[in-house]
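This is the structure I want to talk about, given as structure tokens.
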Amino acid sequence: MKSVEEIKAAIEAAVPGAVVKVILNPAPNAQHSLLIDAPHAVAVAEFLRDDDELALDFLSNVTGVDFLDKEIAEKVKVTRQVPKEVDGVQQMVDETVEETRKRVEPGYLEAVYHLFSVSKKHGPVIIRMRTANRTDLVELPSLTPIWRSAEFQEREVFDLFGIVFTGHPDLRRILMWDEFKDHPMRRDYVEPDDYEYEPTAHDDVLKRAQAHKAKVSAGEVSQ
Amino acid sequence: MSPSGIKTEKLAGWNRPPVIESDGEGELLEVAMGPHHPSTHGVFRMDVVLDGERVIKLKPVFGYLHRNHEQLGERQSYLASMPYTDRLDYFCSLTNNWAYALAVEKLVGQEVPERAEYLRVILAELTRIQNHASTIGFLLQEMGASGTPLMYAFREREKILDLFESLTGSRMMCNYMRFGGCRVDASPAWLEATRKVVAGLPAFVDEFERFLMTNEILMARCQGIGVLKPDLAVNAGISGPMLRATGVNYDIRKVDHYGIYDRFKFRVPLGDHGDIYDRYMVRMLEMRESILILNQALKDLPAGPVMDPKAKIRNFRPKAGESYGRIEAPKGELGFYLISDGGPNPYRYRVRPPSFINLTVLEDMCLGSNVADVVLIFGSVDIVLGEVDR
Amino acid sequence: MAVDEKLKIELGKQGVMVTTIQELYNWGRRSSIWPMQFGLACCAIEMIATTMARYDLARFGSEVFRPSPRQADLMIISGTVTKKMAPQVVRLYNQMAEPRYVIAMGACAISGGPFKQGYNVLKGIDRYIPVDVHIPGCPPRPEALIQAFMTLQKKIDEQHLTGEDRPRHLDEQAPGEFNVPEFGEHDLEPPSNPGTWTVPKIIQ
């Protein structure tokens, strides 16, 4: 089978304008993946399926991954002018200091597709797509028109992670009930307070139990 | 080129199930089959629209056994997820263990000792036999053979469960495999008992076949019903006996050569029509091939450790990376997708459930057939709800 | 009013059977408990194994699994009850005719078991319906389920038809319908039935 770099080159040759990035996997199995851009995703997927040499006709696995907003603290060298007395004269002198700056890297949701070829018996080729952020720009193109096997799996990703797949024929909640709000597999999901007391609660469990008890005595919840 | 040899340029028309028009006479009847229905293998629900007896729409409804397996897997250590994998497909806990162990071993580059590999093959093939026997028993139960074939299947299943119990300590939830081997070694007495059970299995399969293969009711109700075309099967990600019943030669034991499957001589049974009868026959023949593998594995089983002494059990923290490991479970391709961020818990823990994905084409297979056949078509998919909903 | 045991045996030797209505009634009840054919998860497989040849539940008069709740006496909660499934379980229980009994089979049905921390798992079915027998195990072995049947039979044997401690189906005041929870935005509404379940105390 072709290496990821060769697949990348083949995609870029076949789909003009497609932006493909190789994401290296440091684990010993070396299952590297390709990050494809959302606007060209359907065309890229169609190429991967119909190309005679790749023939990735079997979409095995679709899943979502949630990456939270990351606060990155980095040390930057800054040059600024400081007043200094040089030879008895007050003047401004350049000085380089190190400064820690914090910036927030926006998180994103990722959809990962594992492709295999049944006719050529090779694989996996892993493609991924990323949303712009985790709150409002969570749309990705659906690959169900290319591989039918994505139908239920994309619904599941929508249900649990909240990625909206445009072009999906039947995008509804699949595992949770329809009235459910929120997406429970996101990493910042807060569970409902249906806490079961344990007779000998301790640590975290005791804290949650006491918080719940306070709520009960304040009359916020019944029991 | 599609696997069946038919050149299908674009599969666009296959993307949705065909629309079936009602004949315009009488009213349409909407039936919710499940989540409590004796034929749904647990808590599965199908919303069926009927025109008389004919199914013109069928929508599966999932989630009645959604136990948050994936979230629990991300909250606990790698090893702690092992007993939870038992409860995915609770008929085949040992193959689930293997798939998960394989994914983690791929993540860290862990080797597995010879003897452990052989034990894994022995246990996986025993699991396959008891799963297929039970599936056929349940299929016949849904055909109206209330109880009897299932009793034959469970009689054999109990013998295999006894072996599991004496080796692992539990009948169903075995929790036997570890990253880099198996938990305990098999004693000579256990191997002797296994040989005895395996020696009795061909007689059981013969008996089962003699009763069922040419049974008129079985043939009338299964042949030509619930036909699945190979192109759609591949496109919809169908795997396992259901894919092979359509004639597609794709067995992960042969394709990936995971474990030590390339050392054994066995054939991959293939169907021709993709109907219920083919699915039943593929399972029947797979049991025979599994017996062949078992005999070879029991003959060649080497001595040695069952656990890699260098394998890390406590404080297991894989380096950052990801891995996708898959095996040919009795129900199809069972895969585990893990992302590690270097911590003690997986960052992402995903199960690729064969039962769930095999249901993608349930509507396509059922449309136009009678409502009584829906039960059979559904039974021939062979699902376990613990895996469908996780 | 119980009959004197010695007198009973003596009369039995002479071909006279003496019993009380209560004994006869309870004997009839306990000897043919028909369970509902209702499987939820892993434990259901052990439940099926119990009815099969090796464990043979028929010895206890309980082999007739009824697909309809209207014909069943016993509901075996065999497996994890998820929040999505809980309203259906309560509804099925409501549809059963009295006298009806419930066995909570396995850790999940009792308390949520290994899946207790999940966002979609109900932490014990006794939050909504009264349970007669709990059997621990994950899953309980078929022998354990048989033990549960025997415990239930013992319980039925000991019930008094009149008086304060009479069973629910002979008590006009006892509730017949149980509140079916509804799907809320995050959890079931209400999260438990206060008439059936109260919060366990915390030991500080």
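Observations
Chains: A, B and C, in written order; residue numbering restarts at 1 for each.
As a convention for this text, contacts are C-beta pairs under 8 Å (C-beta built on N, C-alpha and C of every residue); 3 or more make two chains touch, one makes a residue touch a chain.
Keep in mind that this is a model prediction, so the values were computed, not measured.
Chain B has the Cα centre that lies closest to the mean of all protein Cα atoms in view. Chains A-B form the pair with the most C-beta pairs in contact.
The geometric centre of subunit A is 46 Å away from that of subunit C, both derived from CA atoms. Centroids of subunit A and subunit B (each the mean of its C-alpha atoms) stand 30 Å apart. Centre-to-centre spacing of subunit B and subunit C amounts to 32 Å, using the average Cα coordinate of each chain. In subunit B, the positions touching at least two other chains are 63, 66, 68, 71, 389.
Along subunit C, residues 84, 119-120 each make contact with two or more other chains. Multi-chain contact residues of subunit A (touching two or more other chains): 175-177, 184. The residues of subunit B lying in touch with subunit A in their complex are 1-3, 9-12, 14-16, 62-63, 66, 68, 70-71, 106-109, 232, 234-239, 248, 250, 255, 318-324, 326, 333, 335, 337, 339-340, 347-348, 350, 352, 356-357, 359-361, 389.
Against subunit B, in their complex, subunit C makes its touches with residues 37-42, 44-46, 48-49, 52-54, 67, 69, 79-80, 82, 84-85, 88, 92, 114-115, 117-121, 138-139, 141.
On the subunit A side of its complex with subunit B, the touching residues are 25-29, 31, 33, 50, 52, 55, 57-61, 63, 65, 112, 114, 118-119, 121, 124, 126, 144-145, 147-153, 160, 169, 173-177, 184-185.
The residues of subunit B lying in touch with subunit C in their complex are 35-38, 41-43, 63-69, 71-72, 75, 83-84, 87, 90-91, 150-151, 154-155, 157-158, 171-173, 385-386, 389.
Of all residues in subunit C, those touching subunit A in their complex are 83-84, 111-112, 116, 119-120, 123-124, 183-188, 190-192, 194, 198-204.
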